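Chain naming follows the written order as A, B, C and D, and within any one chain the residues start at number 1.
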Amino acid sequence: MNRKLRMAMIGGGKDAFIGAVHRIALNMDGQVELVAGALSVKPEVAIESGNMLFLDEERIYTDYKTLLEKEAAMPADKRIDFVSIVTPNFVHFEPAMMALEKGFNVVIEKPITFTLDEAKQLKAKVEETGLSLLLCHTYTGYPMVKQAKQFLKSGALGKIRKVYVEYPQGWLSTLLEAAGNAQASWRTDPKRSGKAGAMGDIGTHAFNLAEYVTGLEVTHLCADINIVVEGRMLDDDGAAFLKFNNGATGVLMATQIAAGEENNVKIRVYGEKGGVEWKQEDANTLLVKWLDKPTEIYRTGAGYNSSFAAHNTRVPAGHPEGYLEAFGNLYRNFILTVRAKMNGEQPKDECLDYPSVNEGVRGMAFVNNVIDSGESEVKWKEFVV
Amino acid sequence: MNRKLRMAMIGGGKDAFIGAVHRIALNMDGQVELVAGALSVKPEVAIESGNMLFLDEERIYTDYKTLLEKEAAMPADKRIDFVSIVTPNFVHFEPAMMALEKGFNVVIEKPITFTLDEAKQLKAKVEETGLSLLLCHTYTGYPMVKQAKQFLKSGALGKIRKVYVEYPQGWLSTLLEAAGNAQASWRTDPKRSGKAGAMGDIGTHAFNLAEYVTGLEVTHLCADINIVVEGRMLDDDGAAFLKFNNGATGVLMATQIAAGEENNVKIRVYGEKGGVEWKQEDANTLLVKWLDKPTEIYRTGAGYNSSFAAHNTRVPAGHPEGYLEAFGNLYRNFILTVRAKMNGEQPKDECLDYPSVNEGVRGMAFVNNVIDSGESEVKWKEFVV
Amino acid sequence: MNRKLRMAMIGGGKDAFIGAVHRIALNMDGQVELVAGALSVKPEVAIESGNMLFLDEERIYTDYKTLLEKEAAMPADKRIDFVSIVTPNFVHFEPAMMALEKGFNVVIEKPITFTLDEAKQLKAKVEETGLSLLLCHTYTGYPMVKQAKQFLKSGALGKIRKVYVEYPQGWLSTLLEAAGNAQASWRTDPKRSGKAGAMGDIGTHAFNLAEYVTGLEVTHLCADINIVVEGRMLDDDGAAFLKFNNGATGVLMATQIAAGEENNVKIRVYGEKGGVEWKQEDANTLLVKWLDKPTEIYRTGAGYNSSFAAHNTRVPAGHPEGYLEAFGNLYRNFILTVRAKMNGEQPKDECLDYPSVNEGVRGMAFVNNVIDSGESEVKWKEFVV
Amino acid sequence: MNRKLRMAMIGGGKDAFIGAVHRIALNMDGQVELVAGALSVKPEVAIESGNMLFLDEERIYTDYKTLLEKEAAMPADKRIDFVSIVTPNFVHFEPAMMALEKGFNVVIEKPITFTLDEAKQLKAKVEETGLSLLLCHTYTGYPMVKQAKQFLKSGALGKIRKVYVEYPQGWLSTLLEAAGNAQASWRTDPKRSGKAGAMGDIGTHAFNLAEYVTGLEVTHLCADINIVVEGRMLDDDGAAFLKFNNGATGVLMATQIAAGEENNVKIRVYGEKGGVEWKQEDANTLLVKWLDKPTEIYRTGAGYNSSFAAHNTRVPAGHPEGYLEAFGNLYRNFILTVRAKMNGEQPKDECLDYPSVNEGVRGMAFVNNVIDSGESEVKWKEFVV
């Protein structure tokens, strides 16, 4: 198969934020062609947005159901290969299920669904169909995050003992949702965002990052969940103690009211012999700390990195790669996997290393568990999936 | 009064760690003369150490009781003005009480005593005698920590909402106490260290720093306390959620098993309009973050700092001041206060700004509360003093 | 005109470095379609590369002349709009001239040509044809570099007095060209690289950055040019004192033998009241320093930035943008300019802010002047264009 | 000999800057007693300052000649062991010569004298008398600077090829000397400061640091020397290309008009296999960079450091040591040397590692050579001593 993959986008019209990010990420490597879209629930926005993206008029749809039906009915040499769903949380599940049923691979923004049960259904459907699904936990696409995971996996630092993961933001320090901010509006609305605010929006990222980097699973947690800004309907701040399945413990912090903070996701993991530290503000650096020798600065693009880091790097060392490249890596690995499967080949391990339905189910379980724990007077809560 | 103050030291012989640090700190400003000492419980070490410090032979004592009695019996123009107690935790209370009773001012290493009750007795005695007591929470001696406190106090950032304070160390990642390390040995021994290990040793510093910088008091906490290294007798790792008396919440992390970490105490405090960040590894910098304008880098020695920061600075901006200067600031402020009182003057506010018995009582209460919470199955525990 | 622009690439086959970078940069925003290529001088590589890029077979060419002739002969609704020339230095001029003569806009890697005279001819041709030419001085595409320029231009720091610009690399610390490294091989070969090695490869970037950020022009220089690695044919290290047309002075440093350095281009500019500092390793930060108030940290994506910085930013603050986005900004501005001109509109100032023939001529003049000065025993040399 | 050394200070009265710094540095380790002083040329200031420092009235002198004569006439068990000269540059030579002639060891602020010839005379006198002289190039007292020197000396990085040293300050960005600033006043006055301004004040530090760390000597230089602020009488800005006696080259930058800069002395040295980087703003870190493996972060107090770094460290890793400790190390090593010689012992190599007359002579030669080069139209100038 020597052609670009064909795709459609659901959501992500001209006023949306994350849709545009997806498009940069998927365009970057020149492996995909955006050929269809149901870009907005507002027909005029859907059409205008489709035109801005140079879509053929007949493939600019005004609702996702029509899109999926019409595309499914197209001949194989024209039909899309996958669909990207970049709508608010409450409109993830249905289009994803329908797409899978129509035989399309799926990319979906996180959190995967509105409820844990939906996530499980989606997982079952993916397993049933054998199709691929990418869940966009972007931070795991950074080369130095992959390096951290591989380094820990190598055992060089011994058994993992302690995990600190944090995601401080400040943008919800005021009641933005009452000031007409569209992003704030749906993200703080239980009907569109779900059970959790900050915990769903960024807590899930922190949780996913911790499980990804360590290769461990959380078994218990104890959470302190707060609504700090008066008048807000969902949590905007929280923290959780974590217990992992190897006996390690951890602390997770996620807040949207740390006024003055941007988006400095950070993770530190300590084993018996040393630790690793990565933070988004210095995304091309991985610090490797040792009990008895100098800390080492691992850098994106250097020759000593693992094949997983190298596979997710585009330019030589010293040319900083950022958030969009990390996002692009999710797409690239998903696309390489889809392409390999279409060609009847086994995808490389490095390609298969992208977040999918398992991460989706655990993320939704995190939302449930962390909110439940926040409301509980008992300290430790078992992590139930 | 135009002379150096005269002092004695209890503990701090030639093999001890913190005693040498105290001496550098107190020598720095040329305001004190070390004239007497009971520097070790081992007589030969006490004598050799006294000689190394150029003490007169008759003022080299081999036990603190004799020291305090003999010194108290000396004529006023020869007698010491204060005593520094730098022994392990379980030998703080008795010499301190006796010194106060003999009319001497007191400097004492933290934690102030072995039990909360002793701390309260010491506080009562200080109040009764009108003497001065310095408790060595060094981190509050840094100019940029003082700047942080004053900045928050000014109200420029609005009401405080969130506090993150952390103290990661790695030096106890192995069972050093079984390998003959003297520091590790007493610090992990309940008989000499007290109820807590890491929580007493460094958790109290983090707790003190949080209360000092914010000007708030902790009212509730929820702790996760761990013994990570097998065979250890006291906690070497822990974290606590905090509630403060203005409604703010916080997270405190202190560990001694973060392999590869040195001593990077760090505090972040967020108000409605911005936040401050300070860490010991970049001690001469205070970051001031804003919701809507660029983060500012406040620097030790700059003209725009508060009088409290300026008072605790020795050299112009750009000449880094470190841990020993911060420690020296505790002594300097204590000495200026003692001197002022001896001269019948009211000490300046900047001089009075050093940790004392209140901080000591709250620190001991923290040890009790955090360990109790760690053992409890109930989430939140009221902070009892 | 509602379609993607169509382009061809000359050079940049499967084994080349910079061609792949160009493709990511130009794909990123979904505004261009790569439809033709003469991707290698080796026919089999040209064909294989064309296939890998999904080009139509009839538009995979094996030499640039055929490409330009055939494309020029195509109907307007199929013909390319511009061509990207990503060949080694000695194959820049001829294809660029021919493309302009055929009516195509041109993107060209730096240095613009092999000789200064060629650069002047190209400039004349661009002015004559009214076509657009983009010269890829990537560093000027970073949002915070643009912010630095605008900030200095605002006059907030007063008259510019001092400029430090540096570009330290270490990759040529050994005689890589003798070890079969293709990049090293042509870059250190006078026949393919030109009069200068390091000065042409990275010195020109530093020079361009200094003139761009300050808005000043160099009038005199004094250079120390070295071949450090034995056996090398061109300079691999150098420095130059600079005089600018407003009386300011500067120091430029560029080296490829700073073993252990990656690519940390850095510029500092000081005016009467403060200074700015930017470096590629922390590309999303611009430090603004003041004589009498705290240094400010300007950040990509923040609301307080100039329209020029904002125009070149793709994601909100806190999501790091890197080298590829900076490169993408060059393309984006060039494309927006080309598109505006095709639509008969005046491009916005923010779009026109990309390097072109003037920068190319000055860059080639820098190469001449700096090498001449390096060979001279007289200290100061007038900068001759 | 079991007593503190006794010393006098010349200059450094209550309004002076550097005298107070000296006192902190020398007090720190409790090895010295300040017993005499001629602290100011103004008698009333000399007396008031002496009282503030608790000197005996009879040892408060109002001129240095009387001090040196009277102290020399005292009995051996009372007489000073050394004198610290902290006066402006033009009052260094005479008291130093007289002190040496009277048999006293000498500490002297840099630059060592007013002219190169005086420096040579002082060197001859020191060699003749066998006494010790400390010249206060503070930056070489930092543990991580010593580590850098030892690391390079070990040969781990191969032959040294390139040196970048810089000392950017901003405090003379305005004509402070016309605004009554005492420091600015004498430092910019040829009659009190000498032939050079910035080059003498901070250029000599940069020069000394480069020669100290590399163990090399400058053989040629080419300088660009400027007076940037109108009305100033001495250079406030400059840079120099350097050639070293092993064939390495370098760039030295020193300026006092980099508005917004504090005192961030920085040195980078590159060998065949890697490089080292140290800067005062992060004084407890030494970066060791490698061609083909991760950069390492060496830290003050860590067990892997050389004996020279360890010898100059007072507290465990993670407790930052600063400028005053570096200064204290100069005094400590000088004192240990003086004490060893008084005891008829050979001082340890680590103790002898402090700047003295050789560094003084080379520093004065630097001033001459760099100013001469600045005025010359010939590019390279041999470094003449």
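Note that in this section a residue touches a chain if its C-beta (ideal position, glycine included) is under 8 Å from a C-beta of that chain, and two chains touch if they have at least 3 such contacts.
Keep in mind that this is a model prediction, so the values were computed, not measured.
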Superposing rotation of chain A relative to chain C, computed on C-alpha atoms, to nearest 5°: 180
Chain pair, A-D or A-B, that carries the greater number of C-beta contacts: A-B
Classification of the chain B:chain C interface as same or different, half of numbers criterion: same
Farthest chain (mean CA position) relative to chain B: C
Mean-CA-position distance for chain C and chain A (Å): 34
Chain centre separation (chain A, chain D; CA means) in Å: 55
Cα-centroid distance, chain A relative to chain B, in whole angstrom: 44
Junction residues of chain A - those touching two or more other chains: 261, 295, 299
Chain A contact footprint on chain C (complex, rising order): 2-4, 17, 20-21, 23-24, 27-30, 34, 51, 53-54, 169, 261-264, 280-284, 299, 301, 314-325
Parts of chain C lying in touch with chain B, wherever the complex brings them together: 288, 292-299, 302-304
List of chain C residues in touch with chain D within their complex: 157, 161-162, 164, 166, 168, 170, 173-174, 222, 224, 226, 228, 237, 239, 241, 249, 251, 253, 255, 257-261, 268, 270-275, 288-291, 295, 376-380
